[in-house]
């Protein structure tokens, strides 16, 4: 395994913005993403996952640090103010880092 | 993005203790959490996720290293002996680290 | 918490190979794994999760760096060419690292 | 007078939510149940429409659409001035109350059927028509001229919304296929309807219970509004029903439609189009108060209003 | 004698589990199916209760509750002394066998109906009553005086459990609404019941197959117990049925209830209240052995016992 | 001639997919619906088989199995030479078209029933039999001698596949239980069948819409093949039906079976056994083109072919 590092960016947010969020992420140059359905609690209260309006998604993007930064700033500008959202990243070791 | 670091603590355990676990986590000062449904296998055997008693949850908490340590020790004391559980953490970069 | 470090290896791939993948992972010495259902997009196109053939799984394995490397190379040899798949790892802090 | 058992399912859900029972329909089951309900209501309306001339319904359609535009315009100043809500929140709540609730509709239809009170068969069409105008007014109230660039994407958001597609789709299928055409799918969509509605109401009870806690947070004015607005709307709806020469049952249904507040189509559309509005505020009012009020108290009352108007 | 087709679904599930077919009901579908079954059984009992006087049932209720207290007290020493299980495990298994299985109940009811054997209509009430006492005894056996602080939270755990809420809720709804009231929800809850039960048993077969592998791990004593205990319980239940002057069918049902072992309510309660007990141990016995034994062999046998007792 | 309403559900799904409505059956609900369909089709066939002698069907079974072996052998060179597909892709697509689609079968059965055209009751048996041979031929075409070590695991893969287990299991249960035995499960599996099929087709429409985009990617040849191959197969199937002295309805059904392309059993088996084949290619053809073509245009055509052959 080549140890060159790539960043894993994770965004947990409302599932109602899935389509727009994915568009935004791809527009910043991400080559892919993985989504899992989630529920949770945070500064905007309980999101129980029991029906559409109260469900979260957990989006993960493997990308270069530069793209991660672009995604973070765009997503923050577009969604952070009005939607329940947390966002974090950390470096990971991947196979074929050039893919991302 | 400010690069001050926060910790992401992950707990994989039996879904039957979800309510109690969340209470415990909040009591230690966590400001939020994210839950995804999961299945898996470990030292306590296969947990196939096929029905309530055999499902796992995967709980993620963004918090300071200090709170993570408090959560870990309390959760360990309360649940580790009798419930299927693994727990791990690693530092992540977050936007507005003071939020956690 | 002892701070000795273990690796968290994550594999996102097609759910149709779940059984074979788990066999492979255990054969390399992993003591456990956690699976969540996922969907996503990557070099092999959209995998919408809307039905069996288009669903992904997200498999996480806590293990030593050595075992992670064995898993990665075996999985890569067996599945990487023909199946939608990404694989990455990063070190984590665990309780009782000897368990993994 | 006997209490309709489907309401008992709502109460069961409510109670089990209040005592924090882990009882819940899985989200996916709740969605399946909703899909069947929406299709069934649409189908039923479509079948009836297939034996009516569309032109004869046009006056009703126009009047009802006008009501859908007017109700949020009525609610907005009350919320903004008396309730001191921020512009976006007032607009969003107003949109919820101008639109309709399919669950409330289904309970009212069952209630009237139980009593043997008939109503005009094209009510599902009016239900569909009432869903939309309030959303448009709501966005316009929230954004004013700033909304101008957005109408295309808003229109898409509204008309491709799950609720509208299923209701309209069911309506169209029923219309095309007619009574004989749908005979083979009756066992699932018509015969099992009340049972499916019972499951739906069970989960609605649980969801309502989960909203009760938030009520305190939002203060007394919201409670007044969530009860008072439906009453006012019901009188307007009932009066319009009379003007349109609807039967007693039809008048009661239109009063109920006016009184009901959306919790499916409007929240989804507002979240995207007016994201600065707090979604919890409008849902707490609509689901936590207005829905249970209408279902348990309002509907019989609106029938009385209709009877009194027709007397 | 013809084999009931719903059992064939159980066997199909079992076989497909054994050959490791990926066939499974999605967990959410299994939950939906369980919810419908529990509500339906409760409803059916409630409807019948609505035409009975509660006081006339009191003796039966008390006797059956006493049986629920006694069975785990009988099982515990066997498990602890003969089986050499740790205290917590013995207590937990005892609780499972003192309580009841709704799936087994449903199969027995279908079996008797197929044969045209009638039974007392308030059986679902006895089913609900039998769920609870064994849990209390189990916790007390496991913890003794140490349990004293916990009873409040245990009571909540038990009575807010999904199974109890749905059974009791269905019972109450059926009771209040009566036969006419529930007519509109019959297509889903009564007519489709056997089909839904078939799907439930299909998945139970798959789950049972997944438990068979664990049997080896726990040794021969558990196998003996999981077959022997139901037989002993069935005789006790049948004898009590005779004492209570139940019909042959009612006697067979009470024997079946006594013989059945819980796999929904008790595991959930024990996991929280007696976490030191190994849940896999009791589930393997209850699901992997006792359920298939009762369903395939036990029920016809218990009917024979009831006939023999009444002869 | 009236349009069957279940097709309208397919078109509704297709349209809502095309306008990118978020309408979807949850994956778990789609799976539940599929399970009910597969069991119901199997059950129906099994019940009919219980009143037939198996030996009298043997000739048909053998001929149909031979057709399942022959069709992919016919398709493969066309795909490989004319279509210039790599060996694995050509083999995989050929396997899809040699096998059958249960959804298409159900629509055809409903179509004929609507028209009052009867067909041989053991068609579900032929459906099951046709699922398998094409898979074997496909693997052999892709791997040649290299497949030799794999047959055991392939056989397991095929026969433990969800589709086959449910169809065969339903068939066996219907066969054993007979007409009277399955009476109690009829409301769910038979009466509600068309409604469940409507939900299934709704989701199939959505899935089909999502595949339409990929069509461009794969070029014109695939389009030609996905329409042309069913037509050729239908003629072969119809001709064999005539040779086997099937009724007009039975001939139309066999033509439809031949014309239909798998999208459940074969993709799953090919993914594991011939992983080097691009699954998107065969699914796009089978789901994005052949399924809608058969369902909307093909089936009536195949009935005409059957009538013409019998004329």
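In this document, chain identifiers A, B, C, D, E and F correspond to the written order of the chains, with residue numbering beginning at 1 in each.
We take it that a residue touches a chain if its C-beta (ideal position, glycine included) is under 8 Å from a C-beta of that chain, and two chains touch if they have at least 3 such contacts.
Everything quoted here is computed from the prediction, not taken from an experiment.
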If you take the chains that touch subunit E and keep only those that also touch subunit F, what is left? D
Look at both sides of the subunit B and subunit C contact and report whether the same residue positions are involved, with over half shared, or different ones. different
Between A-B and C-F, the pair joined by more C-beta contacts: A-B
How far is the middle of subunit A from the middle of subunit B, if each middle is the mean of its Cα atoms, in Å? 19
In whole angstrom, what separates the CA-based centres of subunit C and subunit E? 40
With centres defined as the mean C-alpha position, give me the subunit B-subunit E separation in Å. 34
What residues in subunit F touch two or more of the other chains? 22, 26-29, 31-32, 187, 192
Multi-chain contact sites of subunit A, meaning residues that touch two or more partners: 36-37, 49, 90
Check the chains against each other and report every pair that touches. A-B, A-C, A-D, B-C, B-E, C-F, D-E, D-F, E-F
The answer for subunit A against subunit B in the complex is residues 10, 12, 36-43, 49, 56, 58, 69, 72-73, 76, 80, 86-90
Considering the complex alone, what residue numbers of subunit F touch subunit D? 2-6, 8-9, 12, 15-16, 19-23, 25-29, 32, 110, 114, 187, 191-192, 194-196, 198-199
Name, in rising order, each residue of subunit F that touches subunit C in their complex. 24, 27, 30-31, 203, 206-207, 210, 214, 267-268, 271-272, 275-276, 279-280, 283
If you look only at subunit B, which of its residues touch subunit A in the complex? 1, 6, 8, 22, 31-37, 62, 90-95, 99
Residues of subunit B touching subunit E in their complex? 14, 16-17, 20, 44-45, 48-53, 55, 79, 81-83
